[in-house]
Amino acid sequence: MADDSTIEGRGPVTTLATPIRLDFDFTPGIAQSVFLRGLARGRFMGQRCPKCGKVYVPSRGSCPTDGVPTTEDVELANVGTVTTYCVVNVPFAGQSIEIPYICAQVLLDGANLSFMGLIQEIPTDEIRMGMRVEAVWVDEADLTPSLASVKYFRPSGEPDADYESYKEYL
Amino acid sequence: MAEHEALHASHVLEYPYSRSVGPVIGAFLTGLREGRLTGVRGAGGSVIVPPTEYDPTTGEDTGELVEVGPGGVVETWAWVEQPLPKQPLDHPFAWALIRLDGADTALLHVVDAGDPGSIATGDRVTVRFRPEADRVGSMADIEAFVPEGSA
Amino acid sequence: MAERCAVIGVGQTHHKAKRDDVSIAGMVREAAKAALADAELTWSDIDAVVVGKAPDMFEGNMMPELYLAPALGAVGKPMLRVHTAGSVGGSTALVAAHLVKSGIHKRVLTVAYEKQSDSDAMWALSVPQPFAAPLLAGAGGYFAPHIRAYMRRSGAPDHIGRMVAVKDRLNAIHNPYAHLHLPDIDMKTVEESMMLWDPLRYLEACPSSDGAAAMVLAAEDSLSGGYPPAWIHGAAMRSEPTMFAGRDQVNPQAGRDCSADVYAQAGITDPRAQLDVAEVYVPFSWYEPMWLENLGFCDLGDGWKLTEAGATAFDGDIPWNPSGGVLSSNPIGASGMLRFLEAAMQVRGQAGEHQVDGAGLALGQAYGGGSQFFAMWVVGADKP
Amino acid sequence: MSPAGRTVRPVSIASFAQMQNVRRDDEHNEVEMLMPVVAEVFGTIGITKDDVDFICSGSTDYLIGGPFSFVMALDAVGVWPPRAESHVEMDGAWALYEAWTLLQEGEVDAALVYSFGRSSLGDLREILTLQLDPYYLAPLWPDTVSLAALQARALIDSGKSSEAEFAAIAARSRKDALANPKAQVAGDRSVDELLRDEYVVSPLRRHALPPITDGAAAVVLAAGDKARQWSDKPVWITGFDHRMETHSLGARDLTSSPSTAKAAEVAGVHDGPVDVAEIHAPYAHQEVIVREALGLDDSVRINPSGGPLAANPMMSAGLIRIGEAAERIRSGQAGRAVAHATSGPCLQQNLVCVLEGA
């Protein structure tokens, strides 16, 4: 915010730069760590609610509707259904993918909650609700406990899912 | 059971905030850049330093700007033997509330007193600005206050 | 047992991309002083202050009610700080209303703001955290898939979103405080604007604004000001979990329950017929038809037909967002309060060029997060 | 009666629960931390989430360093079907105040209040600096301990207290904490021993500072029939108020707390004898200031739980004061108690809650 002009030539101060940096230790908690460790092995791990039986992936440790701990680990399939999507055509800070690209809600087989994933290996105008997709993982050496381990989803070649089968998971 | 232990990672929350300051704070910061200390007159006539658009007690609009300092009186102080990394001085110093000459409220800044035996409540201190070329219009344009007579 | 409560003063800033002429306190005071002036009161007449805003990371100022207390004349008074995500402006007004309705205070000042140009809204809303997914979509990318789901369910044609975008921006021309004034906007300019998150185009999305809103709420025995009071006929909030199996994000249950509650309190059985105007949180054009259904203004699947028929236009039978709405001004923390405030202005007859003739009963609605937090009130010219 | 001449509707602290206070909870996220506390606060009185009409929480995003931390925390309750729910970016004591105001209206009878905070994740002294004026104060990074030390020095200079009294308060607090299984710091050290502690920021020695604590707490409020159904011996809130002071430290008398005194007056602290006071004075010297402002004489038992010098979970420590005071009445140790909560640098904002047995 210091400028190069002379003191005399400077106008009144109108802005103040106040950079702020804080350092934290972060933990996603026990349940999400199960999910993240699964990713490091190339697997999707969810948890089941003991009360309603729904499977959450990832689980944050509780069933969001019952408020009880989800304790049973469940391994999910590598394939799922696109429930809805949008095509991202806007650049923004932190973005690492070339636009336009498809961002979809993917409902993994066996799960009761979809999550957002990148869809590739298909032209953006061919994506559709109900499309069956499979996860493509990074090379085994590059697997980490992070969603970055999932490179993207791509069409699995199976016939589209029936709207009735996923309409509650939009 | 390793599967049910929590992962950890370091997390940095960082942003270079840029704040518009408005006319009153702007006048004070402009004054600092020019090596002056500025207050503002409150509705009841008292002089508020550092100046705000509002009286710190009643919320009423403040009025004309007035020059204060450069000396003042230590109202209270606290000795920091181990400064934290982001604090203004990297050697032991005192935080102090300083009522500048001509002001009715006290300003928070640091006093570069050397050792805790060289500062006491009621002591007179005076401002030490950074060199003119280094001043940008921020509180850090004041390098520190120092015991009067030692400047 | 509850006391009657009314809005007796309103104030707002000129909303802009960057209010680079003021400090945070200066901006907030601009709205608060206008509300006091409208109520013909001074700082000392106020019993308590309730402040609301979205995440503190927007300004890098933690629990800012502490810093703002003297600027809002709150020294020696009770002061609360509300944060309920995007619905916060609405829920802040509701917390203030409860302080009066409970009989605890006579006159309460409530203020909501965001000075998002101090940082960057996109950053502050989604600060990257360890282990999280790489940032895939950005703000609109969260909502665009739900818009697509709505289109699929209702069979709404593409042009509905564009109609809302045009309608709200043309309304904003008559609101001197609105951030966006786009007199030349039409269906073609919206269609030709950049596609951001297909199906959402640039001109179908809200701006990022600096701004503040303020209101003075008062008990029945403490009214003042030149305009008639806007009486609160109903006030409600509802939340549901952010993500759960079977969650309907197009037509959230929390929104349906919240409107049912607020209508029951206000004696409303047919909102489209009984309400004269609505100010509803529509940050992306398609949320108008979605919320028309969620708020019970029509049957499920018919929201877009109301928009298409012009029912929600300024001269329609139930004008929505005559102020220009969130699509024209979006200081996030204040956006919800602006909806509540504009509803009050309508029934007080003080909305100037965007006044709906003879408005007697109005709805203010705010929602937040991923459509899981709702706040609403119904205000009327007549005493409840 | 409030200043508005209003009759206070009796509302009871029907249940209270808190997490084991620890220096650092390494394992859990907010949801996992809260779930057992919420389960306990319902379980001890045999109710479920479906029995409360309103939920209000208190927390701050800055402790975790990310926005919307309260949003996911709600999953610890399970708000389905949807519920009337609100959140303050304040200590849970103010969340309890918001819920209490709603119950005063008479339209709902029960509320869940909870709060949580992990003070251990970042550098708390730095984080709290962001509470300060962003133009004049925060850019210099004065930390919370240094500001408290300025206040302590002013108190000593005024002749109202001394370092020895600070040490005596710390010694009493940590000794009392021996009897509190949820406390984080407890022990029996003499004043002489404590006075040999090093200064962190002079005149505050190590013992005069609160510990850094991860914690969470919850309260169920009940009015009307529910209050009597859920407890044989309800503990009633008979007065409640909170007040703010200016942010400008240089425009305040740091040695007194007029906001506490005002809140005490409105809450009716002096309308009867006080047996116990739970005071949220994070720094030892602040207890002297708050006690004077509350007008408590030497017969009042202060912080039998050990107080914030024994455990100071950010965003919950105030709510815990109310819960602890209620427990003293419920257990029969007190008939009338006062709880105090504070927020901001040097006791800027203060809340006072008066509790009485049946």
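Letters are used for the chains, namely A, B, C and D, taken in the order the chains are written, and counting of residues starts over at 1 for each.
Definition applied: contacts are C-beta pairs under 8 Å (C-beta built on N, C-alpha and C of every residue); 3 or more make two chains touch, one makes a residue touch a chain.
Treat the numbers as computed from the prediction; the structure is a model and nothing was measured.
The interface with the greater number of C-beta contacts, when B-D is set against C-D, is C-D.
Each chain gets a centre from the mean of its Cα atoms; for chain C and chain D, those two points are 33 Å apart. As a whole-number value, the distance joining the C-alpha centres of chain A and chain D reads 38 Å. With centres taken as mean Cα positions, chain C sits 38 Å from chain B. Of all residues in chain A, those that touch two or more other chains are 14-16, 18, 20, 22-30, 32, 36, 63-65, 145. Counting partner chains per residue, chain D has residues 26-29, 62, 65-66, 72, 75, 78-80, 126-127, 130, 134-135, 138-139, 246-248 touching two or more of them.
The set of chain C residues that touch two or more partner chains comprises 20, 23-24, 57, 59-60, 70, 74-75, 120, 123-124, 127, 129-131, 241-242, 244. The touch graph of these protein chains is complete, with an edge between every pair of chains. Chain A contributes residues 14-15, 18, 20, 26, 28, 32, 36, 52, 54-56, 63-65, 83-90, 92-97, 100, 103-105, 112-113, 115-118, 124, 129, 145-148, 168-170 to its touches with chain C in the complex.
On the side of chain B, the complex with chain C involves touching residues 7, 9-11, 13, 15, 17-25, 52-60.
Of all the residues in chain C, the ones that touch chain B in their complex are 18-26, 29, 43-44, 57, 59-60, 70-75, 117-120, 123-124, 127, 129-131.
Of all residues in chain B, only 3-21, 25-27, 29-30, 33-34, 132, 136-138 touch chain A in the complex they form.
Within the complex formed with chain D, the chain C residues making contact are 1-2, 23-24, 49, 54-57, 59-63, 65-70, 74-85, 91, 94-95, 98-99, 101-106, 124-127, 129, 236-242, 244, 252-254, 257-258, 369, 372-373.
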